[in-house]
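Letters are used for the chains, namely A, B and C, taken in the order the chains are written, and counting of residues starts over at 1 for each.
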Amino acid sequence: MNLLLLFDYIGTFVFAISGTLTAANKRLDFFGATMIGFVTAVGGGSLRDMMLGDTPVAWMRDLNYFWLIIAGVLVTIAFGKVVMTLKKTLFLFDTIGIAVFTIIGLKKALMMGINIPLAVMMGLASAVVGGVIRDTLCNELPLIFHREIYATACIAGALVYLLLNFLGMNEHACEIATVGSIITIRLIAVRFDIALPKIELKE
Amino acid sequence: MNLLLLFDYIGTFVFAISGTLTAANKRLDFFGATMIGFVTAVGGGSLRDMMLGDTPVAWMRDLNYFWLIIAGVLVTIAFGKVVMTLKKTLFLFDTIGIAVFTIIGLKKALMMGINIPLAVMMGLASAVVGGVIRDTLCNELPLIFHREIYATACIAGALVYLLLNFLGMNEHACEIATVGSIITIRLIAVRFDIALPKIELKE
Amino acid sequence: MNLLLLFDYIGTFVFAISGTLTAANKRLDFFGATMIGFVTAVGGGSLRDMMLGDTPVAWMRDLNYFWLIIAGVLVTIAFGKVVMTLKKTLFLFDTIGIAVFTIIGLKKALMMGINIPLAVMMGLASAVVGGVIRDTLCNELPLIFHREIYATACIAGALVYLLLNFLGMNEHACEIATVGSIITIRLIAVRFDIALPKIELKE
């Protein structure tokens, strides 16, 4: 089985859990939670595919995404408190998720002949847009805009991928190194509480 | 004249009214109200068509939608208080609207070869996304995520449609039965104040 | 060099500045500001292209947009206070921006065979949707829905363009007259504090 696809499935499942947890905090009902779980998991990839014109969007062509998301929502509803004690596991899988979504978005855009900086942006969008829509629908300022190194880790990972690829490393090794570097950057950022500076307008 | 198209027009008109009423509550100006009327009426179908890749999106190919929405906005602005006293009529037409949008989304997705569960989701998206965008733009937690049986009625209707279709019932009868069952479910839910349980994370 | 393209570049640059200023007000971090700068600048055109089915969306096919947005964000972060003292200049360029985005959206839709009223809407969407997404992501009621003549100026400009075009005026003159009339309307509206009436529901 394709490594990237396996990681993609894991990321989808974990993103659905993260969406459901946010929805539970807002005291949404069962349907609301399922819907937030869905948009968190597929929002980024859908926007990427709609912007690139690769339609129907990816998750509509493989039913596994659907069942993984439903499973993520149900697991969270059934074992919510337990799920929340698994914070570190979730954090790790979530980081694997954004790493893989970044790589998938980047590769797809490059394959369609998009310029490198824009392909990096498509990778980033695949990884972060789901969470942005989740927070916006839940009527909150998107987490990613004001907390923690997150997008920065994705961009760094994308650059690692491009560099190793340019140096001729084989595809699988590139992917693993990218996922590894994104995890490392994010772990270091959280461990040492590193965040991007808030913007203050200067004279 | 095609029955589904007629219902589609009614739904579009009523959704434009619902958008304008929400905008008036937020004390938006005339343009704001018109824009909210538009996104409420066409948001769901547009997202569906962009995700499926059936572009230009449906309402750009038939000018009637445009005029129906303008009419819905103007009627609401001119006779707002009267419109609001027609609550039961609006409720009925709104329910017809979501029923028809569900059927249209479902049928279109099936015709494009999308898997059944995902086609049901496309039906649901056609019906509810307009209202979600309306509430998000008006800076409120989307109504549909925390109040009333609504999406559930759409999903049940979609299943009724699929079942009757599978049993070989003719197209028109399927559509009428679907609309009927969605109306019935929603009426019962409102009458007996049935709502989905809010999510509470369990041990 | 193409006049419309030059104005398009200016508009993109100024929209990125406006997004970054809003983000700074919300005390977002560097990444958040960049992302808001991007969606403000490309949101309208992206939605237009996704709805029309002209993909990959325009800004993914010309790397200049990317660098102009990055430049707009960096300039704002580096010289924020200075940028804010240039209010009148920003206002002028912003108005040029919406004027040009309106023309581009209108022309593109007409070329794709979209009906005139809907093509005007595509022009309007190109001009205003970026700002709407900016405000929604920053968790505020979109400015455009309740303040100032803005969309109205775009629509009036689109009609001027269509009229002059219909009268056989040459393309360049049409464009300049359109930009001029949008600037004039907006200046007059701001100078005399003209706004659309807020909606109040009538008996």
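Operating definition for what follows: a residue touches a chain if its C-beta (ideal position, glycine included) is under 8 Å from a C-beta of that chain, and two chains touch if they have at least 3 such contacts.
Every value quoted in this text rests on a predicted model; they were computed, and no experiment measured them.
Asks: How is the touch graph of the chains shaped: line, ring, star, complete or other?
Replies: Topology of touching chains reads as complete, every chain touching all others.
Asks: How much rotation, in degrees rounded to the nearest 5, is required to superimpose chain A onto chain C on the basis of Cα coordinates?
Replies: The best-fit rotation has an angle of 120 degrees.
Asks: Under the over-half criterion for shared residue numbers, do copies chain A and chain B use the same patch or different patches to meet?
Replies: Under half of the interface numbering overlaps between copies: different.
Asks: Taking the mean of the CA coordinates per chain, how far is chain A from chain B in Å?
Replies: 30
Asks: Two or more other chains in contact with one residue: find those residues in chain B.
Replies: Counting only residues that touch two or more other chains, chain B contributes 50, 53, 136, 139.
Asks: Which residues of chain C touch chain A once you look at their complex with the stated criterion?
Replies: That would be residues 20-21, 23-24, 26-33, 35-36, 38, 46, 49-50, 53, 55-57, 59-60, 63, 66, 76-84, 136-139 of chain C.
Asks: Mind listing the chain B positions that touch chain A in their complex?
Replies: Contact set of chain B toward chain A: 50-53, 109, 112, 114-115, 117-118, 121-122, 132, 136, 139-142, 144-147, 150-152, 195-203.
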